[in-house]
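Quick one: the structure is below, questions incoming.
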Amino acid sequence: MEEKVIGYRREFHLYAESGWKEFRTTSRIIEILEGLGLEVKYGKEVIHIPMVMGRDAEQEISNHIERGIRQGGNSKFIEKMEGYTGAVGILKTGRPGPVIAIRFDIDANDVIERKDLEHRPTKEGFASVNEGMMHACGHDGHTAMGLGLAELLIKEKKNLTGTIKLIFQPAEEGVRGARAMVGKGLLEDVDYFLAGHLGFNLQTGFIAPKTTGFLSTTKMDAYFYGKGSHASNAPEEGKNSLLAAATAVLNIHAISPHSKGITRVNVGVMQGGIGRNVIPPAATLKIETRGETPELNDYMYDKVAGILNCAAKMYGNNVSMKKEGEALAADCDEELVDIVKEVALENKERITGVINEKYLGGSEDATFMMKSVQERGGLATYIFFGAETKAAHHNEGFDFDEAVLMKGICLYKDVILKIAGR
Amino acid sequence: MEEKVIGYRREFHLYAESGWKEFRTTSRIIEILEGLGLEVKYGKEVIHIPMVMGRDAEQEISNHIERGIRQGGNSKFIEKMEGYTGAVGILKTGRPGPVIAIRFDIDANDVIERKDLEHRPTKEGFASVNEGMMHACGHDGHTAMGLGLAELLIKEKKNLTGTIKLIFQPAEEGVRGARAMVGKGLLEDVDYFLAGHLGFNLQTGFIAPKTTGFLSTTKMDAYFYGKGSHASNAPEEGKNSLLAAATAVLNIHAISPHSKGITRVNVGVMQGGIGRNVIPPAATLKIETRGETPELNDYMYDKVAGILNCAAKMYGNNVSMKKEGEALAADCDEELVDIVKEVALENKERITGVINEKYLGGSEDATFMMKSVQERGGLATYIFFGAETKAAHHNEGFDFDEAVLMKGICLYKDVILKIAGR
Amino acid sequence: MEEKVIGYRREFHLYAESGWKEFRTTSRIIEILEGLGLEVKYGKEVIHIPMVMGRDAEQEISNHIERGIRQGGNSKFIEKMEGYTGAVGILKTGRPGPVIAIRFDIDANDVIERKDLEHRPTKEGFASVNEGMMHACGHDGHTAMGLGLAELLIKEKKNLTGTIKLIFQPAEEGVRGARAMVGKGLLEDVDYFLAGHLGFNLQTGFIAPKTTGFLSTTKMDAYFYGKGSHASNAPEEGKNSLLAAATAVLNIHAISPHSKGITRVNVGVMQGGIGRNVIPPAATLKIETRGETPELNDYMYDKVAGILNCAAKMYGNNVSMKKEGEALAADCDEELVDIVKEVALENKERITGVINEKYLGGSEDATFMMKSVQERGGLATYIFFGAETKAAHHNEGFDFDEAVLMKGICLYKDVILKIAGR
Amino acid sequence: MEEKVIGYRREFHLYAESGWKEFRTTSRIIEILEGLGLEVKYGKEVIHIPMVMGRDAEQEISNHIERGIRQGGNSKFIEKMEGYTGAVGILKTGRPGPVIAIRFDIDANDVIERKDLEHRPTKEGFASVNEGMMHACGHDGHTAMGLGLAELLIKEKKNLTGTIKLIFQPAEEGVRGARAMVGKGLLEDVDYFLAGHLGFNLQTGFIAPKTTGFLSTTKMDAYFYGKGSHASNAPEEGKNSLLAAATAVLNIHAISPHSKGITRVNVGVMQGGIGRNVIPPAATLKIETRGETPELNDYMYDKVAGILNCAAKMYGNNVSMKKEGEALAADCDEELVDIVKEVALENKERITGVINEKYLGGSEDATFMMKSVQERGGLATYIFFGAETKAAHHNEGFDFDEAVLMKGICLYKDVILKIAGR
């Protein structure tokens, strides 16, 4: 079975698709899950469209649908997705018992993969064929784990109670996809929620049953609209979007720190102007704020919004903001952490070490799912699965030790058995 | 008579008083004019108070009133001035004829005068006794010319028709005083208006009957009001006035040039903050705008106001603006220019050269008087009287060739005779 | 003949090629000039490569060479151009006499042409087939005039003395091409130099034999190189190029005006950063400076360079600048202006009005050629040819009254006959 | 004795003197300590002059020396201080034993004291007679505690071993004075070091034997030197210090946060320019940086210095920086904390409550003394003495519950007895 799971991982790596464009990927997930006998919901059935963030324009989406089909995606499934990616496999045991959900993220990064032969995916022929998209964060592995877990659970079905939902989430990169799945109500009946990540400087064989340091974050784009004019003949007629945006950038980075905790802000990208001799009539900023708590993130977000408005007005510009991603702060539930830890310690063969917790210091939109479950009295945790990696996450040379796959699958299975075994 | 006029000049130099504080100066002007038999109006009679700009707080004014009296000012006159400086001497011939007005500015600069003996005023004992106030622009000479002219006109009274007004204006520096005299209606019956300036790199004996390049200007102060807070313990509670003001300063200097002509802006002074470890709760800017035309000055002024408002709002500050001075663009009337030129050319003895026009490239609030006269169909011009100077105008070592005084007095007298002689 | 010339214009319009990429255009010019019997130099023979500015990377050039050939360009000529566009047709009369040069610019703009049927080029089938390139400034007309003039001059050859050079210059847009032709020595023996432009709000039939208001200009790109880092986990390790560039932009626009005359600066385009959550490791600015005199342009250029360096250093960035275009200020020679004017007035049939001079208030790199000729004692002028236009120059809907073509050709011919006729 | 100590406190409050100007204060300390029989060193004997920070110019110091004498300071002692304030009283028991040092800070704040009768110092006649200087932080109380403690220790001398140093430090406000005392070697033989502060929201009767959250800090002034010029006639000749400083201010506040811990920066005061119509030739900034560790403070300081240099250079300015204060991060030694705690708990009568530790979140230059002692193997702690206060520290209405004085004195005495009792 390990061979099959590694095969899945390499197939997804080969046909890497980035957020909201995982058409081939989603269709393969559906095929496999249906093949195993799970009930599968997907596309518009699992995505609450008004909450979708950071999705490309329809034309671009269409191009990727076509490519997905061209690259072997199941056209029937893709058609029924109605433009939206993501799937949920549901295993109903028919016996009363808890509802357990596990989240697997399926999207690739906007990274151009290394092409030299020292890079294993190149050497062994599974490097991405989609230029500019690459599984550089290990979500190919996460997806493969989800499919492997489905197969094991089917085998164990007779020993299980309750319901198990395997959630294959699109667009985790940029924290764009989880909220729209929560918005669809998928987590409303869930008692136990698990998610996890491989890699991150943890040795293969080690796991951390608990994660801290989820930063609340908002991703947003700002669009300045001014007015062009000939820079030499009529400069006074222009409404300079570049000066407005440059003023905003400086002042955004000068937002005061907060005595209540860590805050962050970054203007990561700025583009403005159309020609050397034209007063720039438009500019775009890509911004993110973060905070140790949602309140601190809100503090930063409100300051950014205020600065954008005033800088725009200063130059007679209009400015509009668009939210492109969002994640929450979150805490893991000790009760569930303890279950995972106990299971891990029982399996000395596969799990060689357990560290109590891992500090993330970053953002994850699984936090929306965690919160949704916790608000209704359920329990949630986020697990780290050790896996040696080549290069850092998001780097063009990323690759990971595939031994993690079966370790993760079995841990998930054992935790489910611990919670919902007969 | 030259000796007497030089005596006046040196007396005013000795007791230099800056704008709106010329109490001793004004009282001496009244004394001399009344002594000659002119009707004299002064203080509140000649100043329209709502149009007064850039005058100190009452306490400061009171201090200067006291000092003026202490330094030999006529306390009766000073009392009747009711806190406002400036005087107008009126010579009515009793015969029908034109109304001619001549403007003399009487205020000193906020400059600390040189104290070494190479500086003639020090050496000859008429350097300013008022530390931080100095006649460094020649208005002491202008005032002396007005008084000498009064004496000559009284002598020529029988040869004159109409009415002659000698206007002794306070607070020309910073272009603060003229508008309030115009507002009092002093120019409303005037047919011919003359004003002039000595020095400015023109040799003694030369005159220019016409001036160009008056820039329209506005002087204003901006006050930012934010909120202080401990910079380390609660920085997020502050509303940083210094950041607001710094943002304004940069963007004010980045205002686009205008295709229709020359514009200028300067933030000359900035002060903000109260302590090193306190988020700055307030800041002040001293600003001026200029333009080749009033429209261009308005363009700059409006941009400045907009930037101040937006920069303040960006940091949760309030901002208020206060106009502290104003001058207009203006053109000299060729008809009157020609009269002055003709008179100058006729007096080869005193006037050794005439240049057609002088470009100022600066601002003068006599322009308010010129406009007022011209709008009612009268004629106006602004004359430059050559006078060699030591050091540049406004410099601590400024002094001028006093030979200009009688040359100017006689030219004014001859122009008046040409216009209104019997 | 008018039909033929209009045909040329429309052909060039159809196959519009922008600066340094005029391969098809140049090959057609060579074909026609050689067909008429002129000696023709082109490509590397007429371009001094170290002085080339603003040319694309070789790969891009190669693509355009291929396209030029695909669109009917003469592959033999194109090959011999060795990657560089531009041509000079030389007519040697064999008789002693002056050397006269006329400059025609041949490049299109980076503009997407209107596609609706109200736009004549669309309606009559000669709108650009090269998306994003369009003759929106009338250089298609200039090129056609040069070819028509060549034909007329061949006919008049027996009546002429000396030598006539018809210079077909690439890359006038962005003022990139003239300097490299001057650097090749093409103007070194020239006694009379003429250039001209059609359109610009002057009615068809009118001409201006003299142009004023050439602004000296420099076009440059600035590249900031900093260092990326994760914006949340290790912001202190980044060297933020976007903050460096934003600081530069604000301060560049705050460069003080100059008392000696008009100056301009514009940062027309800014691009920076690679991802929302990465400290921006690089940024690019497209900048231009202008001045009423070369000294004023130098003043602006030096200030810009200083600000770029300091802003880069402030954020630990390196910055490099690359000149992408340049033009000089220039004056037309009255002696030659008078000849053009005289000729124009003699031809009442074609030329219905002469205005003394036209103020450009912009930049033209024909000024390099004018200066080169004038420095050696030759005479130069720049003529405006009236032509009604649809939409402003550089606009997507630009088109012009083709009646200007024969009027211009004949005026050039008559001026040449006046100067160098037997 | 309480009466006497309260008397001292009120006397110091009445004649409040701010940092490096505590001439009368120091002379009284010397008088009293010598009167008790202690050996006293003072002035230049206890201050290492090259390490003095934030001291006024000599003329200003002279004025305060004169005032100190005029207000009853002992002129003999003041003379021998040679311009430097501060004193150390040394009690040698003659018996072998530890060296214990206690630091008392003696300077007032630059605050204008409330004058209304609701303010007890006004009502009871001990409000500051020195306008603009006020004991608004309680150092008057600290000084009184030091003198009371001296008296108690003399009484207990026979029960003590070793040596006790009572250090009366000038200029703690702005963290300016401690380093120069350490530099003189006063702490080099010290085994136990104590310092403390009264007030800070802790109820009278409570103490905290341990303090955390000392932020490393640097206080500095920056002086920009540019060049003035007439803002309208010759703006290009100026070197604008205000634009340089404004650029620095914005970018200083935009310094990236650091992943290793808390950092702070504040530009608390900015002053620049001399006149509305003059390009500003100079500007001053008052700045402070802070960091959770010295490394983080250094990170901020280095960034600030770099920005100042680049902003100055951008406008052709020179900039010089002057350190005006400095404090370190520090940790209290648990061993000594436990001793203080034990003593406090033993004295239920005076000390009604002990809290384990107090978080400062600010800066104190006693940290220099703590570090000096700790580096040589000694122990140090910093105690908080509860005292109800009117208004916050540094506020014009500050006053405190004088009951703290005897409580503090007795605690110090008991700790000394515990450590060095026979």
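A few comments on the model shown:
Note that the chains take the letters A, B, C and D in the order they are written out, and that residue 1 is the start of every chain.
As a working rule, contacts are C-beta pairs under 8 Å (C-beta built on N, C-alpha and C of every residue); 3 or more make two chains touch, one makes a residue touch a chain.
Since the structure is predicted, the reported quantities are computational estimates derived from the model, not experimental observations.
With every chain reduced to the mean of its CA atoms, the largest distance from chain A is reached by B. The interface holding more C-beta pairs in contact, when B-D is weighed against A-B, is B-D. Inter-chain spacing, taken between the CA centroids of chain B and chain D, is 50 Å.
Chain geometry summary: the mean Cα position of chain A and that of chain B are 69 Å apart.
Among the residues of chain B, those touching two or more other chains are numbered 233, 235, 240, 243, 247, 250-251, 253-254, 256-257, 259, 264, 279, 361. Chain B meets chain A in the complex at residues 233-236, 238, 240, 243, 247, 250-251, 254, 256-260, 279, 299, 306-307, 310-311, 313-314, 316.
Interface residues of chain B, counted against chain C in their complex, comprise 250-251, 253-254, 256-257, 259, 262-264, 361. In the complex of the two chains, the chain D residues touching chain B come out as 174, 215, 219, 230-233, 235, 240, 242-243, 245-247, 249-250, 253, 264, 266-280, 283, 286-288, 290, 324, 361-363.
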